[in-house]
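As structure tokens, here come the structures.
Each of the next two complexes has subunit A plus one more chain, namely subunit B in the first and subunit C in the second.
Moving on to the complex of A and B:
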């Protein structure tokens, strides 16, 4: 793709030097003059009615400036699914009862964190304990305790998708198999904990909140609903963020209570979660119980697929229904399925609520689908790569009434991985196996559950007299490289250098709305908005250049490498800087401003484009103790036109790391609603030395919907990682494993089961 | 009957056949929809449990039978 001067060139993060030198400021680093420190009192019970709260002793403690309970808050209900008021089921503090261990019941602001923590011990809460329920299928029974009084049977949301004739599809299948998969929770384990700093200006009634968030706009809306304030009176600023991974989309008690405490004291208030709160009281991946049925012809052609899903929602809604929706969608990709049925249910339980972690829905659905594909291939005597190639989605594929596929390089990815495996992994050692998994991922979501009238992304470009560019965008860089991609897209479109762009990111007061960093949407949606904004300015520059050149024929112009010139005769043109000066003079002295926006149109109900890929994992299994060593991974990835190949590599490697964590070791066991491993001593993540060698191949496609043809790269590679590892174990030992995590005892038991049934496969 | 539609007993939804209406009905999680079934001697929880735990459309089929009998008819 040599036509680009910036796009496609490996580029170091624009904020990298600031981050590694310590210059970058995170919310965690921030202080304001006269600032107070807040802490939250949390429920020790999974389900209880609040009889009374006595804060008088805490208020007497020296250094305590304010203590609040639910009664001191405006009492607005909030949630991310704002389109459905009944799903906005949260309040700033518990009003009448607590619904999980960790529900916030009171908050303190004091002159130090230590005093605030001490004050929590002096708050006396009288509870009436209520029966609690922890399992979804128990929760929906008619006689189960009600978690929300206005939601009978604790059924939060259901989802049904169906196309084709599923029953007929199974009838016409030569081979049908049914499997059940059980998945647990996964913490985001972000380096930066949830934390917010709020400053309320009593004279104007305006609030400013700095927060470690994935979406300043969603936080602005959440604060607006909960505090019953106008959106425009709330300014949310997102400084640098130390990781989100799906856990920082919602408005959380840190920002809400910092705001209320600031209103009450007239001083800035900061609330920082400790690591235990981060593990027990922040959003995490949803636990699922998934039954899947797959029907194929003898030659491996998929005839029908059916999925039944129950998710454990925990105490509140937040982004949880999206997990239910997306799992049903992802269970229908990346293979062609003529007949498909999905039924899902999300139930409230008395646990910390569960929503999203990177690649949510895709990881769980992919694990099941890819396991079934391998098992079916084995039973039908088909090569695992062939069965995938036979069914792989192709450009133009449509899932009736749901989504369509634009560009699709899946077949090329399969070919590439197969070729490299054959070249590289000749002669597997004993107890080694190679497992395959294909994948797909959306490029943002076409969902408006937040109920915004705004475009999904907006951007503004201002070009100054010296040619420097101010780029205003609300896109959220949470460590994934969006700032760099934003600058690259703007620079490419204007034909200037990265060093010419000054980025003004993620401030609701100064930037057009963007929905935030979720579903791998920023490159596609924000990128399109930036490109449009830059193109608007470029159009002005070209008009001026055309007039100046005074050609008698209308030729095409290009803006590239800081020049604006005739496309067919590049030597005929002008310096970008000279044209900018002329254009501003001609514009009555005004800076040149371009505005862009993006909302997908006519792209179905899910996403404007899909990324695809194929992965192979080479794994060694210790049959004696069940230990699994992931030795190497080969992945071929179709993310359209990579904007920043260095960033893509980083995202794929990060996705593999997170996918290995979900697959191998990350889990949150609980006892009657209490999470049992709330520290990094007990919550095991994959370490650097556990990571395999990764060979990445980018398969170039061009998606007409994406900026410069780009698609996602931030989440897709999570899903195939655990799936390909499990399939490698299956290929090495015959062990069928139907749940994460692939811990030694589980692998060992599965190997023993397989040995009882038949000799080891292949 | 080709010229008869079924109206949801709890809201304004109109469907051409009881199976389609059953899909709508089990997709509604508000109390009104759940409670109406109780008055007819059925359990929303039981129907949805069938639908999300057993392959096929057992929950919809059972509910469609109820709606066939109980849902008001409107002319197409």
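Moving on to the complex of A and C:
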């Protein structure tokens, strides 16, 4: 891999100097002249019909410039599963009823946030309370209250996946076990809250929105559908974003209502959520109830697996069906399963809706699968590493009708982790355990529920007379380092330096469509588009160099280190800068422009490539109080060719942090639909003192589908973190725990249960 | 009724009249336009808004601006030396010690105060000192490494100044 001059080299973040000096501008920091401040009135009830709304008192308040309710909005329905009109179940403001505590009912624009907040108190809403339902198993009963009138039994969507002969597979198994896993919600808890600034120009009928979003394109579509405007009349700009983690894919009431209020007032309007709104009214990880059955041969070979899942969808659709779909996929990986069946159902409930959070589906499915693997290994008398190695995914595998696997370094990852654990973790203390978990993750999604006619990603490269490069891409850097990866890929392909490239990111008016930052898709999809765009310019440069050297077509040229030269005789060539000048003259004086695009083809229904890995956690368990301390983590990771090793490490470390949160402490208890801990005082995230040291090994593979062979690194390592921690607890104590979070009380109870079953210590 | 606030921010003296109910973070961001100091909670639980007052790390959402009267405030905007990044800032860049960057100003300002008190902290001492700082992206380890890297750079800088 050493032939690259930029790819694979630790490269500093291109946004670094701005981000460490306070100069990076987030939507949160923006103001416009004459700007108004908006606030949303939210429902205090989980389910109620709106009888009337009286805004007259609020309108009289000095400094209030507009008050709107559902009837003042264009009334379009929108949603991320746009391909299915019945799943577009959201509106700018509640039209006739509210479906969860926090549903937006009215919005105010005023000269200050304080006045806007005050005005909310003067809006009188008369509600007729309706019976509400909070549990998915209750929600699907015939006598449950209907949350959406046109959706019977509150069944939002179902999903079935099957291959092989599952019943036969179980019949041929020597060992069959069934377990049920229950998972709670997880907040995204980005440090930058949801916020948007909208500016509508009455004279042209055009709207510009700056927003803290993961996908400018999805926001443009959501605004277009909800406001009944042409996409092209809406310009979405993504400034720097203070974290997304899956919670900023959907169009939310902040951008929609800022837009409508700007239309009403003719002034820019900004809506910023407070932290309580962020915790109670933004998208979160899905709560699940998962029944899993696993059949194996005596030697540990997996014969069949069956998964039945019901998810707690909350009030609206958003990306929830994708969580349902992906959980069914991830429950079949990263081991080879000859016979597999999955049935999933997403139910509406009267709660804040749940959709995508980093590694959605994989974390939940992985926790169950890895727990079952450890328990089966124990019962069959097989080493936990051996049972994983025996069933590990291999390159070229096909899941019939579902997905195909290209490159796969899982076995190498398992070997690496086993070796390092043996070398490093000799002499475990009595109260310590080591738990293993394998993982996989997609590199973007193939599914097109958004119903875009565009390529999944596009990019444009413009090379100027002095050799400087303008790179236009809509890929969304939300902190993961995409801007740096984009520039690196462009620089490598063109053979120029990082410093030669000026990036123009994430503006729907100036960049070709990209679907945004979700499912770890940017490196794969936008990377390929950028590479193609740069290659197009490179081709022009090589043609000019070839003419100057009068070389035959059979000889290859290379563009590298700011030179264009003959591959077999590198000394025969020219400075990149000189060739650019010649090429532009030869091109009738036009700058050199290359465009590229990427859409996956013939890769099944899920993803163009899979990343893999194996993790081991060393955990100390206090048998007296049930407290769990993660001491150290070793992880081996196949992300293909790492583009930027610094960024890869950052993504893996961050994924582990989020996975620890889901596993150990993050939860959102509710009382009749009201989230009880909407603050950082009460919602516990992992802080620095609880972070273990992490030893990361990159196992290099080359995936033919990825740019320079690259695969994802942004989400995969979330899933094995809680799974390996739970397995370490199991290895240390025999405690079987079938839910997150692994809080002391739960761990202690499970230890006592295990001791009852087997008084002798493992 | 507005009150007079006289203080020094990033070396510049200010003499302004403000509503005494305003928090320091509000005055810095909204009155002085220093938007590099961010805010992520409303109750002093995340340390994202940390600045230095007379060299100590302080959550600017948890003090009234008037409490800074007569004092010296340093924000992230005051860290650079002209165009040159401060060694702590450079160490954050070199160690990939930020991702989204939203909490970074607070992390750097807290590090600045920490390294004045303890110029050679261990991993555990950094963890202890920085424990209140919420970061949702990095998992903290790379921040910890950057702070200790910065400590080394500052020590080297000091040694160099002595030999001059």
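Everything that follows uses one rule, which is that the second predicted complex is superposed on the first by the 755 of 762 C-alpha atoms of A that agree within 3 Å, B and C clash if a C-alpha of one lies under 4 Å from a C-alpha of the other, contacts with A are read in each partner's own complex, and residues count from 1 in each chain.
One rule holds for everything that comes next: contacts are C-beta pairs under 8 Å (C-beta built on N, C-alpha and C of every residue); 3 or more make two chains touch, one makes a residue touch a chain.
Predicted, not measured: the structure shown is a model, and the values here were computed from it.
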(request) Mind checking the superposed model to see whether subunit B and subunit C fit together on subunit A or clash? (result) fit
(message) A:159 in the overlay: touching subunit B, subunit C, both, or neither? Say first, second, both or neither.
(response) first
(request) Could you tell me if A:494 is touching subunit B, subunit C, both of them or neither one (first, second, both, neither)? (result) neither
(request) For A:178, select first, second, both or neither according to whether it touches subunit B, subunit C, the two together, or no partner. (result) first
(request) Figure out whether A:150 sits in contact with subunit B (first) or subunit C (second), or with both, or with neither. (result) first
(request) Determine, under the contact definition given at the top, whether A:192 touches first (subunit B), second (subunit C), both, or neither. (result) second
(request) Quick one: classify A:26 as touching subunit B (first), subunit C (second), both or neither. (result) second
(message) Looking at A:310 after the superposition, I want to know if it touches subunit B, subunit C, both of them or none. Which is it: first, second, both, neither?
(response) first
(message) After superposing on the shared chain, does subunit C or subunit B touch more subunit A residues?
(response) C
(message) Output check: A:274 vs subunit B and subunit C. Expected answer is one of first, second, both, neither. What do you get?
(response) second
(request) Check the superposed model and tell me the shortest C-alpha distance between subunit B and subunit C, rounded to whole Å. (result) 35
(request) Can you check the complex and tell me which residues of subunit B touch subunit A? (result) 23, 26-27, 29-31, 34-35, 43-45, 48-49, 51-57, 59
(message) Touching residues of subunit A toward subunit C in the complex: what are they?
(response) 12-13, 15-26, 28-29, 188-193, 240-243, 245, 274-276, 478-481, 646-647, 649-650, 653-658, 679-681, 685, 687-689, 691, 693-694
(request) Flag every residue of subunit C that touches subunit A in the complex, lowest number first. (result) 29, 34-43, 45-46, 48, 75-77, 79-80, 85, 89-90, 92-94, 96, 98-105, 108, 126-128, 130-144
(request) Please give the residue numbers of subunit A that touch subunit B in the complex, ascending. (result) 86, 137, 140-142, 150-153, 155-160, 167, 178, 291, 293, 306, 308-310, 341, 343-345
